[in-house]
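In the two assemblies presented below, chain A is common to both, partnered first by chain B and then by chain C.
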Partner chain A sequence: MVQTIAVDLKKSHIIGDLQSPKMNFTIEMALNDQGRKGNGLLSILRKLKSQPDKELRLLLLGLDNAGKTTLLKKLASEDITHITPTQGFNIKSVQSEGFKLNVWDIGGQRKIRPYWRNYFENTDVLIYVIDSADRKRLEETGHELEELLMEDKLANVPLLVYANKQDLLHAAPASDIAEGLGLHTIKDRPWQIQACSATAGEGVKDGMEWVCKNIKKK
Partner chain B sequence: MFRSLLGIILWYLRPLMKWFLRKTTRLCELQRLCYGEKAGAPRSLRVENSLLQSRSGDIKNLIVFLDRISDGRKFIGTNKDSITHYAIHTVLRVKKINPQIHPQFGISFAKCIEHIWGYRQLIQEVEVLRTTPYDANNESHETKLLTLWELMMPSVQLESRVTKQWQDIGFQGDDPKTDFRGMGLLGLENLLYFAQEYPGPASHVLSHSHHPQYGYAFAVVGINLTSMAYHMLKDGSAKSHVYNVSQGLPTIKVFHHFYCYLFYEFDRFWIEAKPRNVMDFSHIREKFENTIRLSLSKPASVFRINISIDNI
Partner chain C sequence: MGCLFHKGRQNSNVTKKGEVKLEGYSWDKRKTVNLKDYIIESIEDGEVLKMPGAVNGQQFVIQNCKNTSIFVFDHANTVTVDDCINCKIILAAVKGSIFLRDCKECLCVVACGQFRARDCRKVDIFLCCTTQPIIESSSSIHFGCYQLFYNELEEHFQQAGLSVFNNNWSSIHDFTPIEGEHNWCLFPDTIKIQDYVSLPASQELQRLSASLLAERSVVPHTWGLHKTPSGESCLVAFFSDGQQVQRAKAFINALKIENPYCLLLLSKEARMQGVDAEHVFRTDSYNAAVQRGLVVGLHYSGPNCIHSCQKVAVSIATATGSTGLVYVSTNPKISQKQVDSFFNFANMQLIA
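Up next is the complex of A and B:
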């Protein structure tokens, strides 16, 4: 059984090499899915691949209780039932669609926000997480985002906004949030808003696909 | 490869060694442990190991039975006595021990049973608290939260239920309810116990958390330490400490004590590490956890809060 898979892997890799880079990309996606089942295919894939993974630095920011750590754990396929408020930061490396993503999850507590700027350097994509159900703080989160977009070190860095907690009853739809934040006025960088529920895992992957595609264009 | 080979050899060798020692000492392994090892973790850990390796069907059934009882949190009160009695009786029968000749064995062995399956029961009890989310509509939850404020800030009145003042004791925002997260009610109960049972050390630690450079969020760090204590309990690392401090069944108080110790010691560790700012938390926390785990790996380990330091 294992052997057949290994042979198939090799075949697909050869095909991948002969075909366009896009073909390679889809094959890797499929492999990633299999890898998640825990049969170690990812490691085989890494050895087979002709070029090493491109490393990317993703920065996860947002107010406290937005769901940044849950998102991070979800990306790393880890258990999300034991999460605690982040004092300081968490970092994880995640393999996704041929990229090695180094994801930095920085605490969102007001007292920690002044330290956000220490993590701006060399950021490839800024991921801003919003608790869509916390309507009272939409203004506060909008204000923080506005400040981030004015930072020199984050100039032209693509922005992905996760409108998180869509599973909650009172969650504002992503379109309302986009309007509230005035995302449409952003002209200096690619941006995207993605409705998601980090706990249910819905929409997270769509957001990450956008991230990877935008890196390709760069 | 070598290790698995060693495992196979030991698997065959163990009964042979046990048989030899039994013939020469005229005692079974459980007896030798109960007489030879120091009461507490050194004895209970080895008895646990011996029981789990047993190939006797009766002992295996006994273990399944005790697991079920403790997972259902039924190892309490009068139930407890009849269950330990049954366990002793089973071992006496299987190992052909005469209780008239060996009256001490049953007493010592019963303590081990209480430690081992009381610990398992404690995990369940802690898990129930952890999986109970903090509920702002639950009056008893709210009372506990307000009591925590009163104990930590006896001279300051809380202006309203939702206020920035909560940040003074280290919650993240205006309302602590969102900070308990994956630790649920357990996080609050831990903090409350620290404030209630160790008012001196707790306020000492709180004052450190307000330090201009070495400051941190007291409650949030507390909830992170709940997570540490919980994981050490759950993966069995805390057994040495818990067995050593428990006379009989380990209770929830033992867990709270363990937490208080971790908090008090973490604060000291943090200050001594001279962090640049609060962003150093993750790696100092990790170092601290490694130190604690190393101590716990010794069967003799007992953690007690060293109050005398507090008075200096």
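Up next is the complex of A and C:
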């Protein structure tokens, strides 16, 4: 049986200057998403509707060039052909019957990583994106993740690691990455590593299903 | 790499509860290839040539090379260049990002979806980049416009999803600017790629008709943002008829002869909606034309620019019998505004 839910999808594009405390809302548009299907934010929202929370917040972090914005746009069922390196951050949000899902994608350059902490508050799930094919920086990404897991504001927040870019020839298998990052030693939160290719859309849904199951009950 | 979990894809998902999924992902079914064919590393004083088909849209890695010339006449998925010193690198077409790290005294000719550089010093880049190029913790980086030709290059651009008109080579974003200093600058107009790098004189390359000459380049030379528009501006737009790319190129060549002081500053190939078209062209006459597909827009600047562009547009249409639709600004009072609104809206499409 196909269930149709009438929803308004509100896409908010926010380009902010991380160095100024004030957010600049430069573009905002709304469109009706009824016609679309797929693995997008909408289907996640449908699954989450039994949750009592009114607003959920997913935080996408990872090194620069990991594929965070591609993943975000894929989740929002948007075109991914021309993606600019993120200078600040991007947000997508989906609303349905008073229930709201926000996904925050924060730029990953070394220089702007200190600003990540400004976005920790009230995070329901941390999604950490890794470029599995960037062998040179697996250590650097592991170090950044380690720092994140020690943050008080992210204590006990479920962690999904996307081992992205699995479609690339030099990609390390997710199991090797899990081992390299020492994920098995994480005891203070539920975690999962998911192999994926954001450009191909493969594995993304499987990760999101885990997110739905592991949203913290407040 | 350990092979602890080497039982195929069941273990691509490691979960706390040990859940496994049984259906496979495409990467688990991939044929095994020799990874060494897709990596150039630890070469000193050498020359490496990759011919069309050698990379064939795959990821490519270059690392730890010194005093080496590397020519990749093919399209690649994504490329990283690490720890190279005094190397000359040509990468014809990169679909995703090219990422330069810890390189110094290098030259790079590359067309790509994204350009990123971190911890680099003294690097010269001749670039065709769909999105805004970014640099971080780098200094003495020089940028110029990509120029390259070989027989298969247009095809390689298509396979990499790149447009020869979508070139933001000159609008650099620096994540780590230093007050009072310039980490990057644009090459002066007089610089030519062939003064910096020459192609090997091999028979293989002659077969490809490879060339660095501006006249032959598949990417039109644009002057970019460093050229302060002098004189009047003109917007020229070619609407989709399957031939708009060829028409635009013919126009560019003809205008060079008609009025050499009229400079092509920027080019862009973008999708437009009726409402965008009305805003740019100040009429609804083009609303139907923009629905047919991508529009190629050119920003010209120079003395008597509008007149020259009009003249060339007419002569090309007459000479080729082409009935393809083209728009040329007519009013010098609003032409700059038209240029700004076309390029602003086209750039908006690139923002997440």
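The working rule: the second predicted complex is superposed on the first by the 155 of 218 C-alpha atoms of A that agree within 3 Å, B and C clash if a C-alpha of one lies under 4 Å from a C-alpha of the other, contacts with A are read in each partner's own complex, and residues count from 1 in each chain.
Simple rule for what comes next: contacts are C-beta pairs under 8 Å (C-beta built on N, C-alpha and C of every residue); 3 or more make two chains touch, one makes a residue touch a chain.
Given the structure is predicted, the values throughout are model-derived calculations rather than measurements.
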item	value
Chain C versus chain B on the shared chain A, clash or fit after superposition	clash
Chain B versus chain C as contact partner of A:Asn118, first or second or both or neither	first
Broader residue contact with chain A after superposition on the shared chain, chain B or chain C	C
Contacts of A:Arg110 with chain B and chain C, given as first, second, both or neither	both
Partner chain in contact with A:Lys73 - chain B first, chain C second, else both or neither	second
Which superposed partner A:Val94 touches (first chain B, second chain C, both, neither)	neither
Which superposed partner A:Thr81 touches (first chain B, second chain C, both, neither)	both
Chain B versus chain C as contact partner of A:Asn65, first or second or both or neither	both
Clash with chain C, by chain B stretch, listed 26-34, 62-70, 98-106 or 278-286	62-70
On chain A, positions contacted by chain B and by chain C	64-65, 81-85, 87, 90, 109-112
Partner chain C, residues of chain A touching it in the complex	13, 15, 27, 64-65, 69, 72-73, 81-87, 90, 105, 109-112, 133-134, 136, 163, 165-176, 178-179, 183, 190-195, 197, 199-200, 202-203, 206, 210
Chain C to chain A touching residues, read off their complex	1-2, 4-5, 9, 11-16, 21, 25-27, 33, 35, 38-39, 58-59, 61, 63, 77-78, 80, 82, 96-97, 99, 101, 113-114, 116, 118, 130-132, 134, 136-137, 161, 166, 173, 175-176, 348-352
Interface residues, chain A side, partner chain B - complex	64-65, 80-85, 87-90, 108-112, 115, 118
Residues of chain B that touch chain A when the two form their complex	167, 172-173, 178-179, 181-183, 187, 216-217, 220-221, 223-224, 226-227, 230-231, 277-282, 285
